[in-house]
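Structures are listed in the sections that come next.
What follows is chain A paired twice: with chain B in the first complex and chain C in the second.
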Partner chain A sequence: MMDPVLEFKSVSRSYGSNVVLNGIDIAIHPGEVAGLIGRNGAGKTTLLKIGMGMLYPHSGSVRTFGMSPTDEPVAVKKRIGYVAEDQVLPTGSSIADLIEFHRYLFPQWDGALERQLIERFALDARRKIKDLSKGQAREVALLCAVCHRPELLILDEPAGGLDPATRREFLETSIHLLNQEGTAILFSSHHMGDVERIGGRVILLDHGKVLLDRDLTTLREEICVAMIPRSASVPEAARMEQIPGCLRVRPVFDDWHVVMEGSPESVQRKVSMALGVDDVRCVPMPLEELFIELTGSER
Partner chain B sequence: MIYQLVKRDPACKLVPYFVLIFAAGAFAVENWRSIAIMPLAMASVVAMTSAAQTQERSTGYLSGLPITRREIFLSRVYAGMFLVWIPALVGAGICAAIGSYGTKAFIAIGAIAMPMALGYQSLAIREIRFPAWVTTIAVASVVGWMGVAMTIFPGAIRIPVAPVLAASGLVSAWVFVNAWHAIPRFREAPPARWSGSVFARPKVSRGFPWWLFSWWDLVWFAVLFNLTFTGPWTSALLFLVIGPMQTRERLRWLDPLPFSRRLILAARLAPSLLALAGGYLMGVHFGLAGGWIGVPNRVLMTTSREWPPLRETSCAALNVAPPIDYWRPARGGAPIVRTPWGETYQPPVVRVFSFNVYNPYGVGCENTKHFLDWQYERASLAVYGRLMPRDQAHLRAVPRLRTQVLNVGTMLACGMLLMLPVMMADWWRVRRLPVWLRYGLAGMVAVAFFAVALGPIVAPGFRNILGAAPEAAQWLSWWMPEGLAMVSIVAAVVPLTIYRVMERVFPGSEWTAWGPRTFQP
Partner chain C sequence: MNLIVNPADELPLFRQVVRQMIEAIAGGRLKSGEQLPSHRDLSEQLVIAPLTVKRAYDELESLGYIETQRGRGTFVCAVLPAVNRKNQREEIARTARRLLSEAYLAGLRLPDVVKILEDADRQLREKK
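Moving on, here comes the complex of A and B:
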């Protein structure tokens, strides 16, 4: 396998006493598309910014293209495209000014792609950034992030706040423009639909740790939720967590929901045998439901 | 409702800080006269601007609440009044209590600031926005002329308060009534468009990154230039940190781009430091910077024995006193001054800035008038570079070149030393420290900062402490061998060393907001 374009090794990061990342190990390889999901405050943005060299890890190491993004930020950022939800563009600039500036920063700027995207997004290059709508500004940010043909595209909730049509257009453009040429893409999103549509690999962050790191297809086939009625004969959560392959146990109204690795049939057998109960239903779940099962609170 | 709004107005939260500044300033006026008024007047400009900006920021939030726009406007007017008048009246009160003549100046500052703050609100209500460059040039001009006026007309401190107050009251009333009628009475009126900044970010382009600066930076450069141009460059240092503090937010968009932080640092620092050094050098050469380290900055003909002691005994005979810069270090005692015709004078050795020096142009009580004339000619040639008629000896003297070099080196070093802690607050190594330790360090830096900036002003011997940096430069000038080589090396090496430290810290600073955007419940 080729060397990873982005590699986090035991990365931890805190804000004061709030530990946001705690020993993260992730490697993104060339051409890979990975979706980073997690609840608010799970550390997605912090992780992406550490990968960019915009934040420092408090322990562990980060290598982007084999380099430290904090020691060699210019060399690293020359090969990365970055779009974030809270990204601020210089509002006094026109689109043309901004593009000219990016052309200056990135010698490998692809003028043909720039023209193609301007046409596709129907942007008027003379307009000032401050006069653009939120979606248009994000499109300009995407244009600036992809036209130098980066080897790694980092998208931090890039479609947040956009309407569904714009969001889909935005994400599809990102993916189709770059991934087919071998660009690795790491993106974070709250929209599971986006992740399912785009992501080849899903990384779930929870409480500063990687809770799940699977290929999307595998995830669909090999993770399911067992629902067990909370009757007197069913043991407590602690015992259910001991079952091999158990990822999470949580009470939901009158049931226990147990997230398990394995196909529904095998999980049903395994849970029935381990707990000695017959009334077990196992169902595969869409990503959004799975996300809630893995990270949701008890009800 | 008004009370609830005023209580929460960000402008009101600034009041205690400005009260502190103005209170310290009131003592400074007593001790430092017109020189202290200028930083204070500038601080009041800062106060007004801060008030206007913070109120603008809060409006976007308030306009979404069930509050009438007139209530919002009134609350802002009250908040503005508190911000302007409480500090001004505290300053005036202190001056009145200690019998200083600065009372009127403080009232005048309030009187001028009030209609300006109201005018700003009035413009905001009408959604009138001048282009950023117009606003900035206007503010920079006000600051500039304020400095020049204070220096050229030191008597400006004796302001005719009654007419100024009357004019201020009339203008304020007119602006208020005018704005009041412009406000829709009910909240269903569409809220004003508050998005964007008054000072829009400049265009980006290739070449020198002018776009790193906003028009607003011109104001800070003008303040820096003014304060050093007119003399008190240690006051200018306090303003030096404001520009870089503002930079962080504005440059955040550059963070993901392959742009050298070192270049940003150099480009950001250079204009401020140039304004600082340029203002000083222009000031000393074009005669506006006053002598403020003890002896008037000219060749003085005097019978006085004031500090530094010119003579050991009193007498009616005139003495020649050049600026302190032209005194000589007395290593092993002062040499006897001997004229071609054999008349002699043994100058007394005096201790100035912890250094033994003597006045080589001094005249004793027993010396002849011929000796006095001879010494005056020598002093005139040394100080003015030519024989200056006595009736023109009041002209300001230019400090010696070595002193200029050392002063520039000292001000650059002091300026960067002040900026370093501000920069370090964003340094990742500092950010990872426990909260209590970070706040502890910040507190210590703040205490040290205010002790240097304000403490000496209220303390009895403040002149010596506030003037420590220029005095240290003077001390170095006497201590080091004659000639420019050594002083140039020292003046360059110290600031460059500090700059190297900044170069290490700045690339390691984190520009992202502190903490994750949202925390887990």
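Moving on, here comes the complex of A and C:
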């Protein structure tokens, strides 16, 4: 396999006594698209900023194109595109000014791609940033992040606060870029449908750790949720957690919800045998439901 | 080809593409020898990752519905695979269970359902 474009090795980071990342191991390979998901405060933004060299890890190491992004920031940033969650663009400048500035920063700037995106987004380059809608401002930020043809694109919540139609356009553009340029993309998102559409791989962060990291195309056939009534005959959570392949157990009203590795048929057999309970119902879950099963609170 | 995918559906995206393509082939909307869009084109049409389209095409190819001709593209096979009878039986058994539970809920009994099926069978034959 080719060398990873981005690699986190046992990365940890705290803010004061609050441990945000606790031993993260992730490698992103060329051309790969990975969706980073997790609840608010799970550490997504911190992780992306460490990848960009905007924050130091407190322990562990990060390599971007094999280099340390804090030791060699210029060499790394030439090959990376980044759109922050709260991307602040200079409000007083026009789109054209901003593009001019980026073209000056990046000698390998692709003017043809720039014109193509201006047309695709139907942007008027003379307009001032402060007069743009939220969606248009995100599109300008994306344009500025991709026209130097980065090998790795890091997007923090790229579609945050956008309406569904604008989000879909944003996705279309990302897929177009992916097809055209083969750029590796690491993006965080709360929109599970979007993650399923463009991600090849999903990484779920929870309480500073990687709770799940796998191929999205087969995820739904490899993980399912078993629902077991919380009647007296059913054992306590600890016994269910010991079943091999168990990822999470939580009580939901009158049932236990147990997230398990395996197809519904195999999990059904495994759980019934392990617990001696007949009344087990196993169902595959879309990513959104799986996210809630894995990170949701007890009910 | 009129494909539509939905991330909230129970099936993974690539299986949705596989299923709908098989339906299109079975229904005659996609004909033997017809060329399919490239991974890239279909991924942009459906707004899904090109890798997902590739996975769907790989699956369709291994099932014998489509073939890739190097340098020319992907085509619906001239000779289509015989229907998988075992899978179909299971599918029909599932439909039967659904039908029966609805019938029982509506207060019907098995002989009533059999009667309804016989009537439906007669109607189908008359149409032919």
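Note that the second predicted complex is superposed on the first by the 296 of 299 C-alpha atoms of A that agree within 3 Å, B and C clash if a C-alpha of one lies under 4 Å from a C-alpha of the other, contacts with A are read in each partner's own complex, and residues count from 1 in each chain.
Note that a contact is a pair of C-beta atoms (placed from the backbone, for glycine too) under 8 Å apart; a residue touches a chain by one contact, two chains touch by 3 or more.
Everything numeric in this text was worked out from a predicted model, so none of it was measured.
Visitor: When the two structures are superposed on chain A, do chain B and chain C clash or fit side by side?
Guide: Chain B/chain C on chain A - fit side by side.
Visitor: Quick one: angle from chain B through chain A to chain C, Cα centres, nearest 10°?
Guide: About 160 degrees, rounded to the nearest 10.
Visitor: Quick check for you: in the superposed arrangement, does A:Y82 touch first (chain B), second (chain C), both or neither?
Guide: Once the two structures are laid over each other on A, A:Y82 reaches chain B alone.
Visitor: Looking at A:F106, would you say it contacts chain B, chain C, both, or neither? Reply first, second, both or neither.
Guide: first
Visitor: Touching A:H176, do we find chain B (first), chain C (second), both, or neither?
Guide: Second partner only.
Visitor: Using the touch criterion from the header, give the chain among chain B and chain C with more contacted residues in chain A.
Guide: B
Visitor: Once chain A of both complexes is superposed, is A:E196 in touch with chain B (first), chain C (second), both, or neither?
Guide: The answer is second: A:E196 touches chain C but not chain B.
Visitor: Contacts for A:S14 in the overlay, against chain B (first) and chain C (second): which applies, first, second, both or neither?
Guide: The answer is first: A:S14 touches chain B but not chain C.
Visitor: Just to confirm the value: shortest Cα separation between chain B and chain C in the superposed three-chain model, in whole Å.
Guide: 26
Visitor: Which positions of chain A touch chain B when the two form their complex?
Guide: For this pair, the touching residues of chain A are 14-18, 20, 39-43, 45-46, 49, 52, 54-56, 58, 70, 73-78, 80, 82, 84, 86-94, 97-98, 100-102, 104-106, 130, 207.
Visitor: Could you list, by residue number, the parts of chain B that touch chain A in their complex?
Guide: 195-197, 200-206, 211, 252-253, 255-261, 428, 431-432, 434-435, 507-508, 510-512, 514-520
Visitor: Can you name the residues of chain C that touch chain A in the complex?
Guide: Spelled out, the residues of chain C in touch with chain A are 5, 7-14, 40, 43-44, 47-52, 55.
Visitor: Okay, in this complex, where on chain A does chain C touch?
Guide: 33, 168, 171-172, 175-176, 178-179, 192-193, 196-200, 216-221, 284, 286-288
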